[in-house]
Amino acid sequence: MMDGPDVGWYLIVAAILFGIGALGVMLRRSPLIVLLSLEIMLNAANLTLIAFARQQGDLDGQIFALAVMAVAAAEVAIGLGLIVAMARRRMLLDVDQASALRG
Amino acid sequence: MIDTPTVDWLALSPTIALLAAAGVALLSALLAGWMRKSVAGIAALLGFVGAAVCAGVVFDESSTPEVLLEGTMVRDQLAALAQLVLGVTGAVVVLASWSERRRENHAEYYALLATAGAGMVFFVGADNLMTLFLGLEWFSLCLYILVAIDSERETSLEAGLKYLIVGGFGSSVLLFGSALVYGATSELSFPAIAAADASNDAFLYAGLAMILAGLAFKVSAAPFHMWTPDVYQGSPTSITGFMAAATKTAAFVVTLRVLVTAFPAQEDLWTVTVAVLAAISLVWGNLGALAQRDLKRILAYSSISHAGFMLMAIAAFSDRGAEALLYYLIPYSAMSVGAFAVVAARERELNAPVTLDSLAGMGWERPYYGVALWIFMLGMAGFPLTGGMFGKLFVFSAAYDAGDWWLVLLGVAATAVSLGYYLNVVRWLYMRSGAELRLAPAGGSPPRDPALGIAISASVVVTVGSFFVVQPILDVASDAAGSLPF
Amino acid sequence: MIAGAWVCLLSPLAGAVAITLAGGRISRRTAGWISTLTTFVAFGGALIAFFGLWGEGHGDREHISTAYTWLESGDFEVEFQILVDTLSSTMMLIVSGVGGLIVWYSMGYLAGDDEERRYFAYMSLFVFSMLLLVQAGNFLLLLAGWGLVGLASYLLIGFWHHKPEAVAAAKKAFVMNAIGDATLALGLVLLVWETGTLEYLGVFEDLDSLSTTTVNLVAVGLLGGAVAKSAQIPLHTWLPDAMEGPTPVSALIHAATMVTAGVYLLVRASPVFEAAPDVQHLAAILGAITLLVAGVVALVQWDIKRVIAYSTMSQIGYMFVAAGIGAYGYALFHLMTHAFFKALLFMSAGVVIHHLGGEQDIRRMGGLRSVMPRTHLAFLVGGLSLAGIPIFAGFWSKDGIVAAAFASGDTLGYTLWVAGLVGALLTGAYTFRLYFTVFRGEPSELVTAQAHEGHGEGPLSMLIPVGVLSVLATIGGLVVIPGVWEPFLHWIDETAEPLVMASVAEDYGTSAIAVTLALIGAGLAHRAFRSQRQVITNPRIWHVLEHKLYFDELYDALFYRPSASVSNALRRNIEEPVVERSLDEIGSGTIQVGGEVGRVQSGLLRTYAVAIAFSVAVLVVVFVAVR
Amino acid sequence: MWTTALLLLPLAGALVVAILPLPRESTAGLAFLVALGEVALWIAAAGRFDFDDGGLQLGTTREWVESLGISYSVGFYGFSLWLAGATVIVFAAAIGYGMWVGRDRSRAYHALMLFLLGAVVATFAAQDLLLFYVSFEAMLIPLYVLVGVWGGERRQAATVTFVIYTMAGSLLMLASVVAFGVTQGTFSLTESGTSDNVWIFLGFAIAFAVKAPLFPFHGWLPLAYREAPVEVAAVLSAIVSKTAIYGFLRIGIPKFPEPADDLSGLILVLACAGLVYGSLLAFRAPDLRGVIAYSSMAQMSLITIGVFAFDDLGLDGAVLQSVAHAFVSASMFLLVGMVERRCGTSDIDALGGMARGRPSLATVVLVAGMIALAVPGSATFAGEFLIMAGAYQQGWGYSVVVALGIVLAAMYTLRVISAILHVKPGRAVRDEALDLRPGELALVLPLLLLLLGLSVWPALVSESAFAASTLAELLP
Amino acid sequence: MGNVLVWITWFLAAAACLGTGVAVVSMTNPFYSALSLIGNLASLAVLFLLLSAEFLAAAQVLVYAGAVMVMFLFVVAYLGGRADAPWAGGPPLLRAAAVVAAVALLVEIVVVLGLAWGDDLTDPAEVSDSFGSPAEIGEAFLTDHLLAFEITSIVLLVAAIGGVVLGTTREKEEEVA
């Protein structure tokens, strides 16, 4: 028996968060904010994992979430590295401008 | 005191070989300039070769699949075969990268290459959703860096950024799907998911859909493929080859494994979906390639269409389909790596991106490379005397056997369209003389590059060899497919 | 005897091959001699075969000799075999005999031509083919010979290949003959299916078991071949044009031998035609029409050879009439005498043309009698024979045919009889119109001019054959004197039993009328010549006749132009725009679609994300909905 | 063994020619020697062939892909041995022609020609469905480059259209191969049974229809035949097209008796349409190559009529006609090539009058032309007659169309002959244009002599084409 | 029927979480976005706590919000004004499509939730107090999920290398430029 809301409510929060993150990726032009949006999506997934872990009383979900955190951190690190490299090449930090590769 | 889990070192040996190689390569950064490159390169080469050898041993030792480490990974012939392919592919890529014009970062380059290889080698043995996700991220992160490693080229950075962001998006979807599946079954490991009774659970289906989408992203199946042309074009050419061959191999083997081991009960749904994805990929990839001028881009679209063919094999959901897929991967990997190696050679010669125009007359000036590219193009188009033909044949047989005759017809039509660009490459190679075009090289001898030559030769041997030596390969593929519970 | 037949067949072939292989290594004269001698050797072989046969008993004059199986398929076999019987041995004699003379004549006629060697090779090939045609032991081999004579005819008509008219005429001849070949072949196909064999004897034995329709169709097929080859209406237009070839060719092929092959076929296949009487009568009717039409048209032609060519058509018309009513002996008899006198006429005409340096227009001739007395005599003999004046060869054969028509009775028979008689009138008219215009009167400008420069009456090689033929044209008809002496007819009857036999009275009665009419015709011609007018005075009729009743124009409008315009239309409206361009269209269309695909791949990262999100959404909807 | 040797010799020759860095003449000479060796080998093989039997002989079988029932299985029937014979001879002439004109990039050129030879022989020898497909496709590889590199001005368009078009057909066949093999459990032609699936049959039929080509699948033909180097065009029309006939004879009909029978009406109608259509287009084509190209189409339609006549007359006729047409078409194309070399064009308007002073050319063109138009007595006539007779069983109309074809053939062939030889010299014909050289004669004459020989004795081919047992399979 | 306090905490945390999420996505200045993300992570940590994932909550705050986001802020600061890119923009169709796609995804997941809620979401498992504690997490990590642990470290190493490779190259060029 859980105190407070059902796991379902957490899941709804997670789902909305995932949607917000996805919207961020799809709408924003600044790669930095896109990166942040990705983080939000990963975190939404994490919340889902943890909620299910709680629901099932199974620790695997939490472990998974922990690993995801590391991965998310790594992704941010690499993303930032890229953005810095781009900035040094004096490239515009705008994903809409990064379209030399097309067709 | 907690029980230390028993670790099956043999199963991990390919991964470890590559990680060790990566370590050595990374350490070589401390060495002087010229040594740095050779030490790192040789380490990576040895790592990949070692991984291949270890994979061979594993294959030999694992006639029955064995689940390891609480169901996080599995040691079976399917993984071993994939590892073998990955190892060889990686070794060829190392050779092809040997004389890449990169002034620094050799150590990191080879270290990352080996690490990416290790990730893939691990990935194909993943047996639960967590290792699946982590393995995927492992090699993907390496690839994000590798794609952008030519940071003096803006296109390289652009490709890296695109790959990173779209890739991150894809992995989030995969992750969310995994979470849903986990929620539905409270299990992470594939066989347990299959065993859990959740045959009508909305979470499970939604999760499966998202996992499928995430994997489709990695195999660059349409409509999840859109990053592919851009990234393939922008990356350093050898890395493109690596992605085209190795990433695809790894992702396809895992897709097959996940769908077959974890979701056999949902078979009726995902086979159709995969078939539809295959169809879309065939159409999109082939049509897209037709209008391209840049060779890497053409090959990128072509890889999308090949993804379509391989998805056909998965959609068959049968022994025969699995065999077909595994067979297909072998010549396909060789052809892609080989083709990109030739592109790399031309690129180095001209010091410019390789477009169709810059191929003009190459067939006559550089007969060996020309013939090799010709063979790869024919192979991709599925002409006889290359394994590509048998690949298509097996895939078609599997699809037909599974009742997807419409897919066979579509495959046929797609192949016919694909001739339009494969043969176009050959046309530019031989039927336009370089003299007619300003872009052509000044003649003279190209940079000597024995390593590249070896890489191309190896690819040619595999491409052509897999045509003549079909049965042994098929036996191996059949053993590997036997690891899966059909 | 059989050996003689084989020698007869193969010797001209050997000649042709020898000349071809020798190429430029032998002189032109040698080539001529090879050709002439091999043809005479063939004649020798024919004589051996003939006398061998002569010596046989009455019922045994039929011998088949098979060399090997030429074509085989399943149960169907066609052997390379020759049949020697009274019919074929007669034809062998005519072909090789007349052929030999004409080849010999050619040596003189063509002396100095550029490509004599080629000419003689062709001639030998022709003689071989013709012999193959007449000696063939089955229908398919006959068709082979049939086609090969057509080929030789094509080659020889177009011998002067730099002349556009000659080339066109050669093509026309070949194509028209090909039509005949095709119908003949179709007839044979029917026979193959219905009787399982193409051997004459086998076919004739099985005829009873065939349905009437089948037999009729087969007969029509054969008749088609015969009509084309023998230049009967409606497939006749090639023959006048064929006169573009060298004159000896006209003499040999387009008068004496090849064109009469149709008659040979009618006789050879008489059992088939007898089983299909309607078709046989059709042959007779076509013959009658041809003989009249050709006779009329011959009245208005200006080209000496064309006049003779029309007369040839007309005479073959007689033969068709004979074969059509079943008077096979007379058909063959007329064939033989016609070979003599028509060859003679052509060769005399050839001498004239030769002398005049190639001039063929009779309006520029005249008064040649004094300049070329021997030729004049020969031509006159030929003309008399042609017109059917008694004791000359043509008299015996033609009148026999007309009488037989009368004897066969019925409306058809009488009609044919009338046609034959009118034909006799016409023959007299056009023959003597020609004769008077060319030989009588004052020498024309051209003739005077050429009197000193011309070739005279030609070398011995020309004169001797002309002489021999003059003799034959005079006395050659004496092998049949109705009621008195008819060995020739009996000889032929052994192979082809006649359906009709005129009584002596009918015969002599008809002859009297015919000769009278012929003389009237000659008189008309003479009167016209004296008054410097033409036989036909109505200008409108003249015009129509001069255009050969517009047959050429008609065929041009009916066949050539439609087929050409259909071809052009196909090319312009289907092949190029549809078949060829559709490929381009499909190709460029696909590439265009490919370009659209490229446009969707805009390089905009966010589109990619949207696409993926959308696809994921769809996938999830489907999965959740369908589960 | 013999069959394998026949197959490997040209392939090995191709490899050697490609690798040995010899000067141009020696390369060509070597290739020519290999081609002649192949002819000798064929004669030796034919010597070991029991023509009275006519069934599958000289066979070899090796496992290839056991699990799918694919094997390397080769051998000859009477008819395929004849087709292979025509192949080796025509190729010897074509390679000889390449040598004579001195094609540049000699090593590549001759290697490709030899490779093509090997592929074609393999096609005719294949007794395994997949091997058949493989060799059928393998032919396209060299053809693509041969046309595309050594062809005329629009060679690139020609080669792309040709290869994509034919490959599209063959890919349909691949689908059918798959379907048939999978259903049967084996790809071996000797072991597999029959199928009554119309769709599978259609896959094969379309592939063959494109290759032959039959109306309306001939879109690639005009350009390819016009732009290919003549000897390649010769090989294309003389030999490569016959693989379609082999396909029908070995696969299309015996493996699909019912569908073949059901659809024979359609195919016959298409073939008749093709015969008339091709002949009419040939009649008005503006250039020599066009005439021969379309005539080739007409002839292939004719042969198809023979095949689908479904009786021994038609079948024997089809084989006889295939062999005869191979020689005819090859010699016609080579002759056109020789004319083109002298005049630089094959435009009918620009040619003419070449007979004067060029007796060899005139004779050879005439002989070839006469046999091409199937003058009665020739081998082609024998073939056409058998086909005409055979087709009668399926309907008298077909025989009539064949007869019409004979007439039309006379029309267009005479046009070609006259266009080259007769009347006044055309504007492209210069006085210096020589008669055929001995080298050229040496290439064309053997073909013509073979044709004449075949005319003297057509039964040689027609009676040994099929064994009774083979026929039983072919007659539904 | 649950504890009201928990409900209130949940509600606050959830609201904060979504609010900051929206803020991250909608701020023009990446600096504020990053700051919002920190808030987001923190509120997520609260939710984690409510779900008995104490260790994770701690890790979330320390590692994520603490380390990663700080790094992020440094980068934003380093890039300065150049970091700004206009909001959204691009073809309106694209924007609309993006919104539609996101909403579709969201709606689906919610529907799925609704479908699944009835069966098994109302009745969570009983868990011990130590559930989610560092000890248990640690044990699981080192036994069952040893590989995951190892991989995590490799991934982080890769990230480090990546940061170095991408971030430090071409100093010279920059000086020249």
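Brief remarks on what is shown
In this document, chain identifiers A, B, C, D and E correspond to the written order of the chains, with residue numbering beginning at 1 in each.
The definition used in the following text is that a residue touches a chain if its C-beta (ideal position, glycine included) is under 8 Å from a C-beta of that chain, and two chains touch if they have at least 3 such contacts.
What you see is a predicted model; the values in this text were computed from it and never measured.
More C-beta pairs touch across the A-E interface than across any other pair of chains. Relative to the whole-protein C-alpha centroid, the nearest chain centroid is that of D.
In this assembly, the C-alpha centroid of chain A lies 5 Å from the C-alpha centroid of chain E. Between chain B and chain D, the centres computed from C-alpha atoms are 43 Å apart. Averaged Cα coordinates give chain B a centre that lies 30 Å from the centre of chain E.
Chain C and chain E have Cα centroids lying 102 Å from one another. Residue numbers of chain A whose C-beta contacts span two or more other chains: 11, 18, 21-22, 25-27, 29, 31, 35, 51, 55-56, 58, 60, 63-64, 67, 71, 74-75, 78, 81-83, 85, 89, 95-96, 98-103.
Listed for chain C are residues 587, 598, 601, 603-607, 609-610, 613-614, 616, 620, 624, each touching two or more other chains.
Touching two or more other chains at once are residues 160, 164 of chain D.
Touching chain pairs in this entry, ordered by label, are A-B, A-C, A-E, B-C, B-D, B-E, C-D, C-E.
Contact residues on chain E toward chain C in their complex (touch as defined above): 90, 94, 97-98, 100-102, 104-105, 108-109, 111-112, 115.
Contact residues on chain C toward chain E in their complex (touch as defined above): 604, 606-607, 609-610, 613-614, 616-617, 620-621, 624. Across the interface of their complex, chain B is touched by residues 587, 590-598, 601, 603, 605, 607-609, 611-616, 619-620, 622-624, 626-627 of chain C.
Against chain A, in their complex, chain B makes its touches with residues 129-130, 133-134, 137, 141, 144-145, 148, 151-152, 154-155, 157-162, 164-165, 168-169, 172, 175-176, 178-180, 182-183, 186, 188, 229-231, 233-234, 291-292, 294, 297.
Those residues of chain A whose C-beta lies close enough to touch chain E in the complex are 1-13, 15-24, 26-33, 35-37, 39-40, 43, 46-47, 50-51, 53-60, 62-67, 69-78, 80-85, 87-90, 92-96.
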